[in-house]
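Chain IDs A, B, C, D and E follow the sequence of writing; residue 1 opens each chain.
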């Protein structure tokens, strides 16, 4: 049953892409959206069935893809990622109807979103080197085309597309080389054959393959040294696409690491997984810092994706290290926490990106400094964006808290393990979890508070109106998911537990006791978020009652509306409000050496005298330190090499012939 | 008998073009001739697939699965090119630059060019193969100089000179092989000494020293015609100055015909020396061409030169693939030859159209092509996607399997270097094409004529089809690969 | 003629071919170059004739005739026409001065002996011992191509290479099969015609034929 | 009793005395009086000085910003009846012309003990 | 959630006692908080030679404030109304589940270190959002500073308590307290002392005491915590002050029980609970007095020196954890 459902899903998604390209303007948007929603549902059913029943299915056809044929197989690990993508895809396809209504997008735009969705559903099911690489590159191509929807209007979109294409291709080349080397030595290019031979592979080979594939998958997941495309591509892509990118495509980087590291190479060395954990630590801290410092909503969300992927990588790295160290049960728990956080991240990041899209759609700008006062104008979007923001800051009662608690618990239990290196890694992981918790909270209080509360700081924000119902349904669906998973995580955990056992080479025993809360099997600490929320509500009602019932004279009963207190000034304008830049300024000053903000202050004086400034303009840009330190020099060196090489062929036929002559003589001498 | 027909059809068309004054009907006749060649190629492929080989003209022509495949490639690319040259010639005559007589000379030379290539591919005798390849050089010289500009003259001089020297070295190599064959006891003497089948039969008895020197000369000699590293400098000049259909034909299929010759000699040399010597040679030459292409693509300012350097890169990849030498690698090389032929032809024809319509082929003088000419921009964009080796198109599958072949044979490091070069080239081409294709709408979008659009889109669709479904080619590729590999 | 004398004649002819190549390096006057070429053509034809007589192979005789006509008469005539059109008709200062080129020619001859020597040692036949001469001519011809500025001298260089290859062919294998030999010489003839046409158009258009100035085509 | 001090144009003489009132000697704090930063937190306003034209509106706004039930304490002669500056060109009047006054502390400046005494009448302790 | 409630009621007969204990804890913190503030005020005034307001002044002010009128700024949305309620309820829930009076509160499972830290974070996030809602300059500046300080102090808090959790092999607070009770030799271990130092720094930062923030300042530019609540009046202000007081009481109680666990009621009997309450009161009073003495003797740090102090706290906590791991 699951095979049929999964393939119906794929078929429907590609049909949606086809219809999106073919149908005339008005109907194609709706048709594409409906079909892709149906595709997601079918894929969800298929993946769900695999997850619940635990049996994998596999299909091989030699007709497609010359010379290699196509192998598809969906095991619980892959099914989890398909399910996560399907859930986000469902919300996105419903959202895209409303999003595209005003400026009906071109044929290419409506076609690429379902195509991108189809490839996202395909990648976890690929079961041979060739199929995986085809699906991977198709995903890169469709996401690039989707990113280019409004390349006509903005130069940054074209920059972003160029960066994105170059970096994904380099990543894909690394993965291709790694997998091909593996297939060559493991005799056979299907994952099953490779997995069967994983015992006979020599250590240096498996390490080289792991490092190469890690390079590729980390660049797709957005781990720090290779994350540079993420804060450029996500803000420029249309919101449904960036929601899919952050909610689903980034997960596939983690999927790749797990599939190659655990399934194909059989767990491998401990230092592999410590490298993954180190990547996670650096990404989490760097991402959280930059999220707290950026003032563009989508750029903030992109950096927080880097942060959350860092947390997931810490989990995956710790799990791998523990598994390599022999503690299977604990590794299962930590991996469960990492995958649960991944699913939660897909939900709340998808909801946030759709919210940011609604903001841009209604208020015409993404810059937090020019928003404000939208809570009253767009209450529903404010509630959904708020739910997403609070759950990403891991506040109790929402899904962020549940998965970060599980991750914290797993890492904590790991301290009992013997090897000092693992303990050091776990300590770094917990410290990062702590640091990023505070920074993420700051970033999202800024996004929520400065963006939605106070007075509108631009006429666009002032004229903002609530977005269409379809967009609200999209956001609501994901926000609802966050709340439900927050209150009763026990519903989803057994399913993820089965994916974890499939994920780890030696499989892991049940990490979770059944029940609605988070009850760990291996150790007696457990938490019941449901009860926490219940207690919170009871306390809330009691406090509200206490204040309400206080004896008060009649006319003081209802709260009075008065001008906000501004030290007696009567003219309280929006310009006096705090902006996102000034909100993040103290944090930037504290972490100045990492963020390296560059300010430029121009004071133009009046003609008459130097002492009376006419206008003071202040610009501040926090650009990516990694990009400046790592990428700029590399690009400069390549450009220098290009100019040097250009001077060699100067057009004279004698020089060309001289090349040939020299080679001929050299060859003759060598062969003599 | 079939082989003679294949070679003579284009010759007949050429003769027709020479006699009658040029008009659109003649153009379509040329196209029809090449379509016939393609059809006959397919028939030949089906025939050779069932039983080993067909031969004609009392032993001079011989076709096995490999040459049948090459005939199909030549047919397909020349069909695309001749359809496009109708538009090219009409635009030229309309532009008043050249007379109708000039166009009929053009059509004759093109058909002679196609005939020479077919002869080269179908010849049984390696000497005849050399003669045919030399004839193609002669035929294309005037085609390169067709536009009568100073640059075209300079390009044709360089083209003829470098290629003739290269080909002379190749002849020296052929002579050495002939010398080695003469001294094999029991080898058939007389006309059929250089017959490929007999050489393959006695290849293990050839003298290794002589064959090693011969193979070095052959790789260097034919490498010039293939555009491989040391003697590649003529390629960007010739392809950027030649009219678009001609450069499409040359880049798409002439380079690969020369590589076909190398493949034939490699089979013989492998018999005599074992695979390691030729593998080392081809790896060095392949990596050198990749390095040259990667370095020079970084700062390209002209569309056609960019595409020419891109051909050097793909020839380097094909050399690496052939160096691996397993059946999988050779099958991938052949698929790559077909894919590259189609994609490169489509791109050159599109750049020709850009040159005609925009008046210049400088990248920074043609901004926002997608906005101004959606169909042409789209074709050029998807052509680049195909050329850069992205999935739906067959170049991705062939590159993937070539790298698999190389890794299987222990050339993993070479595959790694080639991937690095391809990544650099990808970034460079992406940077150049970004300015060319993307950008704001300066003027209202104008349509591109159907005559141009349909064949090019057809070429891309074919390239994608060969990339996705294995049906028509799989058996032909395997048969052709087994022909070359011991 | 005793058989031994024929071998000596062939040796002499091969020597003349190599001498011609060295002469091309040395002389600057274009008219002298064309005469050197016709001399080489004749020498080549005699080698072919000697072989034809030795093996009694009629085809080889025909080939000798064709070589004599093509390389001895037609090509030098074509070149002479181009030379007449170019008033200066003196090779300007070549890229590498004459003494240096002569020294490199010597080095090239040593190299070719090294390479070809090992080859011919395998099959001791009086004529094959001469193969290094042919290879030397090829290398010197290539060197002429690389260093001479004038179009005509480049054509001469190319022809030297072709003659060298033909010489090696005759010496090593007593003549490549007839069809291939004819095809080869026909192609060489066509290439020379093409080059001659190009040279004249270049002369008309640019007023000079110095290739070093032709550097318009670069990135 | 939280008070929000408003300087409606005083010569700071009264401010010094108020500071003394809250100093250890008189220590109005022990009777529950406290000066707070925002009128929202205050039960009343401690206004010093004559109400100048510029301070009339801010005083009115501060009064509005204070939650009911609220009191106004006019401290010093200027606040009570304009004192020295009554009738000056920049003066809008004394405090009771702008906001209803509940307690008046005469004296220019009033003794710290008188201020503490007045505050104790308000806090009832 | 209903399912878990049902299982709890069915399984443990002593549930009524534990619910009672938790309720007692909430009330204790509710009343004890303002009293602690009054005590600290009294100690400060005594140190300054003043008599100072009575200790119960805090409770009196609350009673008065509740009866006053609530004022909301024009452009505020529902957030301004909800923020104080969320602050108080999160503090109350924290009080219910942490081991203050008894070591077996009602949701024994829920009393996890992570939950307590993030409930406190929830309170400060609510307060910050409330501050931003009115759209005044002070509210925004206060929220920004409070979140920055919070962002740096929260990791120190988590890692400090982690040091104890590692020692007790569980992150459950009652578990830690019981383990400390049964292993008295842990109390003097270096890792405990370092954790205590780190926790004191964090408590000062979280509750906004002198070295980090001056609660009784009038100069808006220097405020961190006060600026956020400038807009609250009457009942809202009462809720906020009670919330703040409860957080102070809670944190001090937590420090008391984690580091000096004597006297806490482990058995759940009526008398033991009384003893626990008295012990809690005494311990928190002592700690509050010491904090007040620290306040009086030090001047307020410049805002951008505060992160260095908190970073020092974080390093202390990290050192505590590492010494705990090494010494194990």
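Please note the rule applied: a contact is a pair of C-beta atoms (placed from the backbone, for glycine too) under 8 Å apart; a residue touches a chain by one contact, two chains touch by 3 or more.
Computed from a predicted structure; not experimentally measured.
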Shortest contact path, chain C to chain E, counted in steps: 2
Chain located farthest away, centre of chain D as origin (C-alpha): C
Geometric centre: closest chain by C-alpha means: A
Which of D-E and B-C has more C-beta pairs touching across its chains: B-C
Distance between chain centroids, defined by C-alpha means - chain B, chain E (Å): 78
Centre-of-Cα separation between chain D and chain B, whole angstrom: 97
Distance from the mean Cα position of chain E to that of chain A, given in whole angstrom: 35
Interchain centroid distance [CA atoms averaged], chain A/chain C, Å: 70
Set of chain E residues in contact with two or more other chains: 68-71, 220, 230-231, 234
Sites on chain C at which at least two other chains make contact: 115, 118, 142, 145, 154, 211, 214, 216-217, 219
Multi-partner residues of chain A (each touching 2 or more other chains): 556, 560, 562-563, 565, 646, 649, 653, 657, 660, 664, 668, 671
Full enumeration of touching chain pairs: A-B, A-C, A-D, A-E, B-C, D-E
Residue numbers on chain E that touch chain A, as the complex places them: 1, 3-5, 26, 66-79, 81, 85-86, 88-90, 92-93, 96-97, 107, 109-110, 112, 114-115, 118-119, 121-122, 125, 128-129, 131-141, 143-145, 147-148, 150-156, 158-159, 162, 165-166, 169-172, 175, 220, 230-231, 234-235, 238-239, 303-304, 307, 318, 321-322, 325
Chain C contact footprint on chain A (complex, rising order): 646, 649-654, 657-658, 660-661, 664-665, 668-669, 671-672
Chain B contact footprint on chain C (complex, rising order): 115, 118-119, 122-123, 135, 138, 142, 145, 151, 154, 158, 161-162, 165, 168-169, 172-173, 176-180, 183-184, 186-187, 190-191, 194-195, 198, 201-202, 205-206, 211, 214, 216-217, 219
Complex contact set, residues of chain A against chain D: 555-556, 560, 562-563, 565, 568-570
Partner chain A, residues of chain C touching it in the complex: 95, 108, 111-112, 114-115, 118, 139, 142-143, 145-147, 149, 154, 211-212, 214-219
